[in-house]
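I've put the structures underneath this note.
Two complexes follow with chain A in common, the first pairing it with chain B and the second with chain C.
Then we have the complex of A and B:
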């Protein structure tokens, strides 16, 4: 029995949850399929089958290094962004070290930080300001002589706000402290030039930039003393043992290349349709307020007074439109966006806000339809003074 | 007429077949799994997490819904569940009573809160996999026992709001469990062979003392040891009254040739009173928190009454008291009438029909 796609009723289906994951680009899909069906060798093998597979990986490594302007030797492939984050924290911190991170990191940073804290690592957690960003001066004030690592995400997954990684990185650099950024939500959405950015380590994931799921990478600036947390074969210069996901890595390489090549064009398009969307919300007479500022193009966290986020997400899904309340979680229940609470909003606002994230394939008609559907659901509820 | 139906999906075989039957009726359906609690708040052995609300069960429900081509959502009801079911469960035991959490869950969560959620999501009706029936007599709904006497769940539904019956479909009421399993197997449902869940869902290890210890540690630990008393005489000691229930025989540590049973629990003095079986009987009991699923009858009212989930209904007469409580006079004295448990009233002539119910006081 395969997965059932057939029975779902046909409807318009507009997917506006790009921050959760992206569909595959058709070119990437085709390329993965081609690699999957022709290249099966083990890249560690001496023979030609191995050589061919190895070449696929090394080509992808070059595509990614070119996309972020670093040396290919500084890219390590992993299983996902979460693995890259875990690798950084677990590898670099030992009891007695001090870590500075934020309160609104992805769980793949938050949870290892807590685990390490119980093992004797000293952790400072900086909350975002009302605009959804981490203030570099707050990072500076948290520094201690024993600070070993600063880990602040490039773009927050719930709000879409872009952090000032330049200033934070400069502060770290001036003190000789390592700076890691979870770049999963940033790569392919904003320009990332690692020759210029003061970043020592950056986590990446393919499925946020129209690439496949199940493949990530870690940028490690040359000289950063990172070691493996897994033991096995010597793949990825011993940092990440395990036979490589060749087709996935190939797809990641192409997706990163395409994302960067089309970055300017898609940013312009996303800024344009986002503006049209916000105008349409006003035209629908919806009361709303955007949470935070400095978002990457296309991502909005919006407060709609009068309807609980979870119910709005379900009603929108029934209307064929996918949006999100908070971040996706394993059991599928919606938890209010923790980031909003950290930014100082109350629980009521946090549980009445949703994330809408548009992608490069959305059209002006799409965003107007989304605004209209929101209007059908929200406007009647906002008219009721009891709500 | 085609309606939009929100089906409560636990992830087990019953709710899966309930969904199937709702679709067979021609309705437009979607599945909702209620996330009621998790191990972070109620403790227990995570490795044994196999009852409803576990991630595995939710995943199972999602797969079933996908196979039937309907949407599935997991909705967090944990706050209301904690407030109306778990808190009450703990405070009842601490008051020396024996609560019935499934009844409260049905009354406050699975019906009241679930129907409010259905309103928000634009559903006309709700459906669940309970073994009970709702029938219409001159357009007025009545709640009836399920056809399968081994699975009938009408006893735990006495507290649902009466006006919610017109919003409810119980698609399994006219089926036996064997038929339900066969339907599931015939349709290759992934949940066809899921085991029966017998324990209280938030106490998956079936150890309610462990739960109380985790959930209300300060109160539970402050109880301490107390006396076991028979005929005004101290005959033993016990490690705390909250670990006992009326009619219990095990765990008393007494060595009489004729077994002794818990007859009464006094939380004030932390005393367990025991007696021989004969002294456990009561001819009457008082009932509070009454909910009628029919128009208020004339009193005195003859009825069949059921005093615990696994007992047979017996003949009794109900009389209303000035306090709006009921006085129940059993035709024959009943063993171990337990405060905190539900008592359910059935029609004397048509004993499948649930008239209403309440909570046994003493």
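Then we have the complex of A and C:
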């Protein structure tokens, strides 16, 4: 998959911030263009223009349900992953209920949890262990008779670490407690089989898997009593109002299908280039340490002693390489990656760690170039006796 | 502007349901494709990929603010017009407050109003007069000391009638009460100058003005104390979370610009073809009566005695012509247009009236063809002495 940088001046332009967002697959872009050229009815209209639009949505719903092995009727389209997360928490929790979540969730879970806490919901927040993962036994120990919902993300956005959603889900299932996972960073990166996984609700987003921005989805297992927080025209079985983003939904469907079809090949490729990248860092004589473990392929949170993360991001950007000092959604602020502090690292390590996330389009040459550029910036600083 | 029906079998395919949704302008589609090919960063990222995406959004914000003559900082992007409406009502009203709205608002205002009423908000609902408009003096008479918000739509979606938002807004302004208008059916159809209009909040949607589906906006006049109902990554000055729909927003910006640039020409054209259409109906010997007055150019709600609206919609659809028996968002149900009942018409008239809405791409030949097809279906029924 190529990304068109034809409009850019000649420079490296290597985008290593796949966890923040992915470029749109050219195939998906072409498909969106075609849909937008030919299908435009309002899916709620009974005439053929409306029904044609409805058929596009239902096709995408089947593609996504097939990608995660659930029933099409269990997929609800939303405006984004954040909306899906908000919907779950605001819909399912009422004052007096108990919520178990983690300290390192995406803000679209953390902030609604805090809002609900102010309204009388009791919230337990579990920090990740040193490996960047939430311990299932810690979830179990936090359970109370009034626990209504457990919301633990599938893959952490800052570390890339995969949580044991099987064990956490089994604990919830055995107690009859609903289990929601923010699957935004997981879908398309690791296999997700909802026929086997003990997950009741899962948030998804198209723009993390080479699909379009502006469309998300929520898996709601049949029987889970979710209700809408926004009201309107009755779309999505009354769960999410507003004329449907037909082309975006169609693009999401295709992107999900492609992601799953190419998952094995992509994973192998990403594991391979990640290993080459780490070897290259060593060859560049860079001192570093990878934070956490059990990462999804291609995502690394790395401690480079001797250089502030923000400074490294800016210097790499000047060299045409995009990396991140933390999650994009909090990178406007200069705060260090909160997940690292939660994992027990000190503020120095948290502020000298960056996230580098590779995509399926990166080549071996790309990752070697990234390591070389890091070497040019970091090696002199690490040799400085003041560091 | 042409609409590509290349994939359809040879038939008339005249889409006269512009009030439900518009086809995407080919120019906007090309622009979206180009943006999606070249700009994909997360606007919250500090590297150039992110900043480039942010610049696209800010450009669109300026285009929209210019189109409605407000400050760019007063425009907030949302997922759809329904979300904008929900945001206003859920954010600004608390138990004990009084809301004045109308009986014929879009469900995205009506339903949140009912939800809030159950939670202790006092709601007054004003029906439209026989002309399909809300009387400003009825709004004035409904005022109470605890009135917090007046929410009256700019243009009704079923009738196409334009409300006197100047007078309603002046009444609110004189009492220090917030005035929200659902402008979804107005923007791009009639001039909207927010520097002159006494409007505090206005909901907008791209897909009603030849822009993409899946993106809306909310105008919030500086100083109006609105807060978010969904929480997350801090986008849109904390009012609407979620990675921004960059290409959709860009398309909205261009569509708004084009709509305003071509407004005068489109209006003249639409008034002309509407007049030709009405003359043609008479020439077809069809008995009919237009419901309401003060319609935006191109939109007609018409009573055709002798044929059920649903039946007429289906028969016209079989002839390749799309019209509507009411608003799309409620057309899944077989209910007659609620607005007509609210205007004082009886159930018989309400169930034998359809909405026909023309767009800027329709030709004189198109509207004559529509009148002829209506004649083929309706004239024999109206001659039937049983009718």
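Everything that follows uses one rule, which is that the second predicted complex is superposed on the first by the 373 of 387 C-alpha atoms of A that agree within 3 Å, B and C clash if a C-alpha of one lies under 4 Å from a C-alpha of the other, contacts with A are read in each partner's own complex, and residues count from 1 in each chain.
Everything below uses one rule, namely that contacts are C-beta pairs under 8 Å (C-beta built on N, C-alpha and C of every residue); 3 or more make two chains touch, one makes a residue touch a chain.
What you see is a predicted model, and the numbers here were worked out from it, not measured in a lab.
Applying the stated contact rule after C-alpha superposition, one finds that A:233 touches chain C and leaves chain B untouched. Of the two partner chains placed by superposition, only chain B is touched by A:311; chain C is not.
In the superposed pair of complexes, A:361 makes contact with neither chain B nor chain C. After superposition on the shared chain, chain A has more residues touched by C, the comparison being chain B against chain C.
Where the contact sets of chain A with chain B and with chain C meet, they give residues 3-4, 6-7, 310, 314, 317, 330-332.
Within the complex formed with chain A, the residues of chain B that make contact are 30, 35, 55, 58, 62, 66-71, 73-76, 117, 120-122, 188. The touching residues of chain A, counted against chain B in their complex, run 1, 3-4, 6-9, 308, 310-311, 314-315, 317-318, 330-335. Residues of chain C that touch chain A in their complex: 3-7, 15, 17, 20-24, 26, 29, 32-33, 36-38, 40-42, 44-50, 78-83, 85-86, 106-108, 111-112, 115, 205, 207, 212-216, 229-235, 241-248, 310, 313-314, 316-317, 322-325, 328-332.
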